[in-house]
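Heads up, the next two complexes both have subunit A, just with different partners, subunit B and then subunit C.
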Partner chain A sequence: MSTIAPAKQRRRRRQLDATFIVGVALVVVIVVGAILVSTVGRNFFSPGNIRDILTGMSVLGFVAIGQTLVILCASLDLSVPYVISLSSLIAADLMQGNPANIPFAVLVTLAVAAVIGLANGLIVTKLKVNGFIATLGTGLIIKGYLDSTYKGTSGNVPWEFQLIGATGLGPIPVSTLLMLATALLAALFLSRTRIGHQMFAVGGSEQVARLSGIRTARPIIVAHVLCSIAAALAGLLLASRLGVGSPTVGTQGGYDLLSIAAVVLGGTLLMGGRGSIWGTIGGVAIFAVMDSVMSVMQVNPFLKDVVRGVVIVAAVAIYTSRNLDRRRPRFGPGGSVAAITDAPTAEKPSITKEGAKR
Partner chain B sequence: MTTVTEAAPTTGERIAALGRNLISPRGAVFLLLAVLLVAITILNPSFAEPGQFIRFIQRVAPVAIVAIGQYFVIVGGEFDLSMGSVVTAQVVIAGNLIGEDDAKSIPVLLLMLAFGALIGLVNGLIVSFLKVPSFIVTLGMMLALLGGVLYWTGGAATGNPADNFREIGRGGIRDLPVIEILPWSVVVLAAILALAIWFSRRPFGRTIIALGDNATTTGFAGARTWWVKTSTFVISSLSATVAGVLLVGYAGVHPSVGRGYEFIAITAVVLGGVVLGGGRGWVVAAVAGAFALEALFTLLNFAGIPSTWRDAVQGVIIILAVAYAATTFRARRKGHALEAPASHPSPDASQTSPETANQTSPAPGAKESDDPSSARPAAIPSSQRADNETKGGS
Partner chain C sequence: MTEPILIAEGLEKSFFGVQVLRGVGLTLYPGEVHGLIGENGAGKSTFMKILAGVYERDAGTIRLAGEEVDFQHPVQAARAGLATVFQEFNLLPERTVAENVFVGREPKRGGFVDRKAMVRKTRELLADLGIDSIEADAPVRSLSVAEQQIVEIVKALSTDARVIQMDEPTAALADHEVELLYAIVRRLQERGVAIIYVSHRLKEIFDLCDSITVLKDGALVSTGPASELDTDELVRRMVGRPIEAYYPDPEPGTELGEPRLVLRGVGNAYVDGVDLELRAGEIVGVAGLQGSGRTELVEGVFGITPFTRGQILLDGAEITITSARRAVQKGFALITEDRKAQGLALNQSVLDNALLVIRSVFARRTRTVRRELPGVLSSLEVVFRGVDQEVQYLSGGNQQKVVLAKWLATAPRVVLLDEPTRGIDVGAKVAVYRLMRRLAKEGVAILMISSELPEVIGMSDRIVVMHDGRASAELPARSDEATILTAATGSVSAIDLVGGAE
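So, the complex of A and B:
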């Protein structure tokens, strides 16, 4: 216990744990779903159904990947649904049904999203506005622009671009593959690059990160920019599915709150500093499986929301209750320093004991 | 805002103190509100007539009441995103259960209050004991409640309740000398505001603020933190219930009534200088935030700006308000502050009121809101951003 090697081992196991629990939850959801689906005489593992689930994952997946980065930095992004709508409109308007315009339109869309993300990041870091308020504000600004500029769907997406949303390799849609590739890139970004590591540091404790010599603004700004770009990718994908740009496509999906829910479901702490991209993908998959099971069973669409809400809370409750006692034991397992620096709620008994001794 | 600062040096020390208070984040909302009201009056002089003005207050009442509820949750360090859905649920319950039967009004009203308290209790207990971040709990509650209500009604509008029930939201005391009619909404708002002010000065109310400031020390100080936290959620759900009762009369029964109220309430509270993450804020400022927000919308309306731009303006305003508060707090802590640390604001402000009778409405606000901060030792947050950081959960 006191040597360094077992501590390292433990840490590795705990890291696996975070995504492991999500994986277990996903398996449980799939098994329960498969049983439920089979009770109405359908096959859960039919290619058509799997394609539906994977398609359902793709859009939310993009958004949730970006949201993970932002939440890791202890911020939030509530502007994503409006960024999604805006980018679908910009892309569709610029393409005008002409395949030659595709690269230009995609670049402009991503650039606009990057500017929005940059604005978010600068407001959060330089103006010291809480991420919740900052992105709620920018989201409202974009919403105002959308509502006053567009009366309905607009633009025209060429067939070549629509193929991205429509084709697949076997049962796996291209859009999902793109999403998984993005997830891989994001995971590599977090584990391999300096700024990725800094995101964990800043999210865990901005003060400590700053004292350790990190420019704390930079990772937060980068996270916001990447989040908006990810949302723009989701918008492009929706545009390719719909064939037009729509000013309400983002808000109808409720992507802001759902993506946050998926991220937290995936084991990322809402307070930042801890989490993983693959956990988020697991969370997104849980949502997609639930959705598909409920549509196969023809559950009332309003009841779906009830189930979703209950599952979110229940899942996070189970997750936190498993995680709480083992949060941040910094100096080896069970060490006295760990007890004090630990999460206050979990460690109350030990500290009160100390008080009694005095 | 600039006019006051420029006028300050010329008219002496006391007005300068008032000016500093007004441009401090806590007082700013009252100044903003005054400026907005004056601007509306210039654009549309009839707005200042007592009858018109009381109508304005009637319109703001539900938002202000929701903001009061949200204030207690936020100052206690949490979020309540389920308020909008609670409003919707209560409106639909009233519509469906009361129907045209006058006799059912009272029992259903009691049922609604019990239902609201139950929702708050569930939220609070899950947050306290299952340690789920309040953001997630109330988000789940929002989805579940809204889904449940829509499932129950089939997603369509339902009938209006009996007239005597709707009277609470639309009627009032008639045949008064100056204002012609004193709407019940205004009475309810005044009563709830008075109750909230009284409550936040009680030991329990102070404990809520302490809990938002530092949950650990509050626990060590002997407070039952779980009960304090839970009660904030009960308060917010009950206030959403009251807002729902008013909205039944004012807006009628429709599943879209109440949508977005949670964000409007959070915006109003934040405009009132209440710090997200808890521990700082004044309930009257939160109400003033609600009034300022609604006055802003009215102003845009009179100025002929399309209603679609309303959201954008709201977005700009909340970013600016919070940025202003955050950067000012930061400046004060660094030492070159708006309020010089040597002459503490509250003793100065207490002397200002007689001379500045024309500005009485902002003055007490600025004065009172500084009291809590002077009462406790200067806050030394661990980081600059921790000050207005979201404490999502525990």
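So, the complex of A and C:
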């Protein structure tokens, strides 16, 4: 009979970190993409192409960072596309082409987004409405306001603000740098603040969090506020690129579902409690690289979506197969006690009630 | 003599008018391991939960280190130095050991969580206990059950607990893992930590405890030094009551028929080498501790976690069962332990629940069964407002009867019952027992798992005892509780193997 396995032995058995897997997947996608692109006589690593990919990452990156926080808390935010549109409009309207108005416009935009996020958070925690429905509701309310108030683009963004979306350091756009800086802040927030730790705890098990003395509403509310602010940053960036505010810019980008897809692709559990910002950024990057490769190769739009869909489903299927919560076997391979009769093949135990409970 | 660290006196508690604790108390000294034992329902858990601040007491006083305390929340108790390791794990599997130990009170430096300090302190705590197999930054899901148990203990220690309550800490552990826990308990004891140790395993109680408090039916039987007791005396104090009269006798005309279900050396990852014979018209009880593989055995038979070795014979013919659907088609029924999660769709109607299996497996019989349903429900004495009522609004007993109705509709040949009377009132219990007798008379073979020893003894024609994933003993009807307990706790490796595979 074996005793408790020494730590070293187990370290090898430990599953690979999801963020690491996303990183490997990203490298694979880049290599395959580079080869495909070279077959049509283009250079994947040309500065122009790199800039396109990084630009493609920035808006979705902002949204997905916020979405990661919310999903870690086992909630969801479907209101992001409307917050994006609203933010672009508020910013453009307030700026009115005058650079002096920029700080004020940005602050108001972020404040409005924070209020929306606060509303989402309060509805989820105090009224106990599932995050999916709560944010669907607030999203529809904002949509109604946008549809009835704006007939088309509105406002005017000054040239100075447009620079954010248009300039870059070498091939790296400023907007992407800002997005990565935000990601760094968010990652530090999760790992270095109590409320960040509490997000993991609440998302992992509300029961455990409560019994550990955590006020469970707070991390969820904070996550929703930060998510809406992140969406507003995306809206500001889009306004900077377009030069005007647009009531449809958020919905056209499909940022609600795309951001959730990027988060999940990045290894964050949709049920909350596990995940990372860097995984999400990896997911966003994978999408951006795929998009770029397919547009360089002039793949038809239908096939593009097919590829995206397949990638998302496959990714989740892979994660799930690794993460089935199993009862530890007592006998046979992996068990602690040798079976009397040797099992020729260890049958994969199906999910038991213990697994299902979690 | 040192001052007691904890004095509880005259604790009382009732739930919905039922008194579950009457004037129970104990005195605990630093460095003492105090065993708290009693049968299921004796009030051990309630007592612990009152100390921990989970429940509010109706009467009585608790003094911790000389000061009277009144905890409202387990965290409050833990901060005051009284930590509890509950039976259910309160760990986040996706987080690291250190993150779990300090969840909700992460150490801070300059306003930020000090991860290094968190890992360092966790390492120190682990090293203090002499544990080198657990890494502080490993995710909890990668640990074994025993190691997770240790993390729970470390979590309790990180609050500088002077009193630690452990609720059946070995329930989920394999035999060899128990040794590790022993070592930890002894080390804590050396450090002057007082421990309240709840366990069903008498061997552990005698191995570890300095003093023992026995509870029965919510009242104190005795409290005193362990050296004054032996196993027999302890069991006598725990049990001390006749088998209640409400177990109905077999119906006249019940006959033991041919072997209906025969298991030959079946095993999978959770149970091993089980031989069992179940005759038509026979009720076989399965006893054993929590985690001994009882549920896993019936889940194997029912195809939820199929057996990977051995043979299953039904009416003499070998069959393979690889899914629950297959089992249902073969005439098996499984009344699961967790009624709410596994037995019923709570927000669906009585009708939908009662027809669940028929509709999904024997759809052609739906019409007939539906016509007969009111009769079946009334024969089970289900109290409900109508077949459209959602089952979540029924009492536990009536819910269980709906589960039974669901399976009766399939006219099963073998009925597997896992804790059939858990959490239901006495009246419903008797109804379940009567139904079992009726089915036996009709020639159905019944396998009943139960943690209630009087129930096992009162109902079974034979008793199989599980221990550590194997059938450790097979005992005749009306065996006494002490014999069953001895086999279940593994005090004797195998006693008097009666019957078995012929």
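Keep this in mind: the second predicted complex is superposed on the first by the 306 of 358 C-alpha atoms of A that agree within 3 Å, B and C clash if a C-alpha of one lies under 4 Å from a C-alpha of the other, contacts with A are read in each partner's own complex, and residues count from 1 in each chain.
Convention: a contact is a pair of C-beta atoms (placed from the backbone, for glycine too) under 8 Å apart; a residue touches a chain by one contact, two chains touch by 3 or more.
These figures come from a predicted structure and were not determined experimentally.
Participant: Could you say whether A:274 touches subunit B, subunit C, both of them, or neither, answering first, second, both or neither?
Facilitator: Touch status of A:274: second partner only.
Participant: Touching A:213, do we find subunit B (first), subunit C (second), both, or neither?
Facilitator: A:213: touches subunit C, not subunit B.
Participant: A:192 in the overlay: touching subunit B, subunit C, both, or neither? Say first, second, both or neither.
Facilitator: The answer is second: A:192 touches subunit C but not subunit B.
Participant: Is A:178 touching anything from subunit B or subunit C once the two structures are fitted on A? First, second, both or neither.
Facilitator: In the superposition, A:178 contacts neither subunit B nor subunit C.
Participant: Have a look at where A:127 lands relative to subunit B and subunit C in the superposition and call it first, second, both or neither.
Facilitator: It touches subunit B, and subunit C stays clear.
Participant: Using the touch definition from the top, say if A:147 reaches subunit B (first), subunit C (second), both or neither.
Facilitator: first
Participant: Show which residues of subunit A both subunit B and subunit C reach, each in its own complex.
Facilitator: Shared contact residues on subunit A (touching subunit B in one complex, subunit C in the other): 205, 207, 343-345.
Participant: Given the complex with subunit A, which residues does subunit B contribute to the contact?
Facilitator: Interface residues on the subunit B side: 81, 126, 130-133, 135-137, 139-148, 150-151, 155, 215-216, 219-220, 263, 266-267, 270, 276-277, 306, 308-316, 318-319, 322-323, 326-327, 330, 382-394.
Participant: List the residues on subunit A that touch subunit B in their complex, please.
Facilitator: Listed in rising order, the residues of subunit A that touch subunit B are 74, 76, 123, 127-134, 136-145, 147-148, 205-207, 210, 257, 260-261, 264, 270-271, 300, 302-310, 312-313, 316-317, 320-321, 324, 343-345, 348, 355.
Participant: For subunit A, which residues are in contact with subunit C within the complex?
Facilitator: Going through subunit A, the ones touching subunit C are 1, 3-7, 10-11, 13-15, 191-194, 196-198, 200-201, 204-205, 207-209, 211-214, 269, 273-274, 325, 327-332, 334-337, 339-341, 343-347, 349-350, 352-353, 356-358.
Participant: Spell out the residues on subunit C that touch subunit A in their complex, using ranges where they run on.
Facilitator: 73-75, 90-95, 99, 103-106, 108, 111-113, 115, 132-135, 138-139, 141-142, 144-147, 174, 176-177, 180, 265, 267-273, 293, 299, 304-306, 308-310, 336-338, 341-342, 468-469
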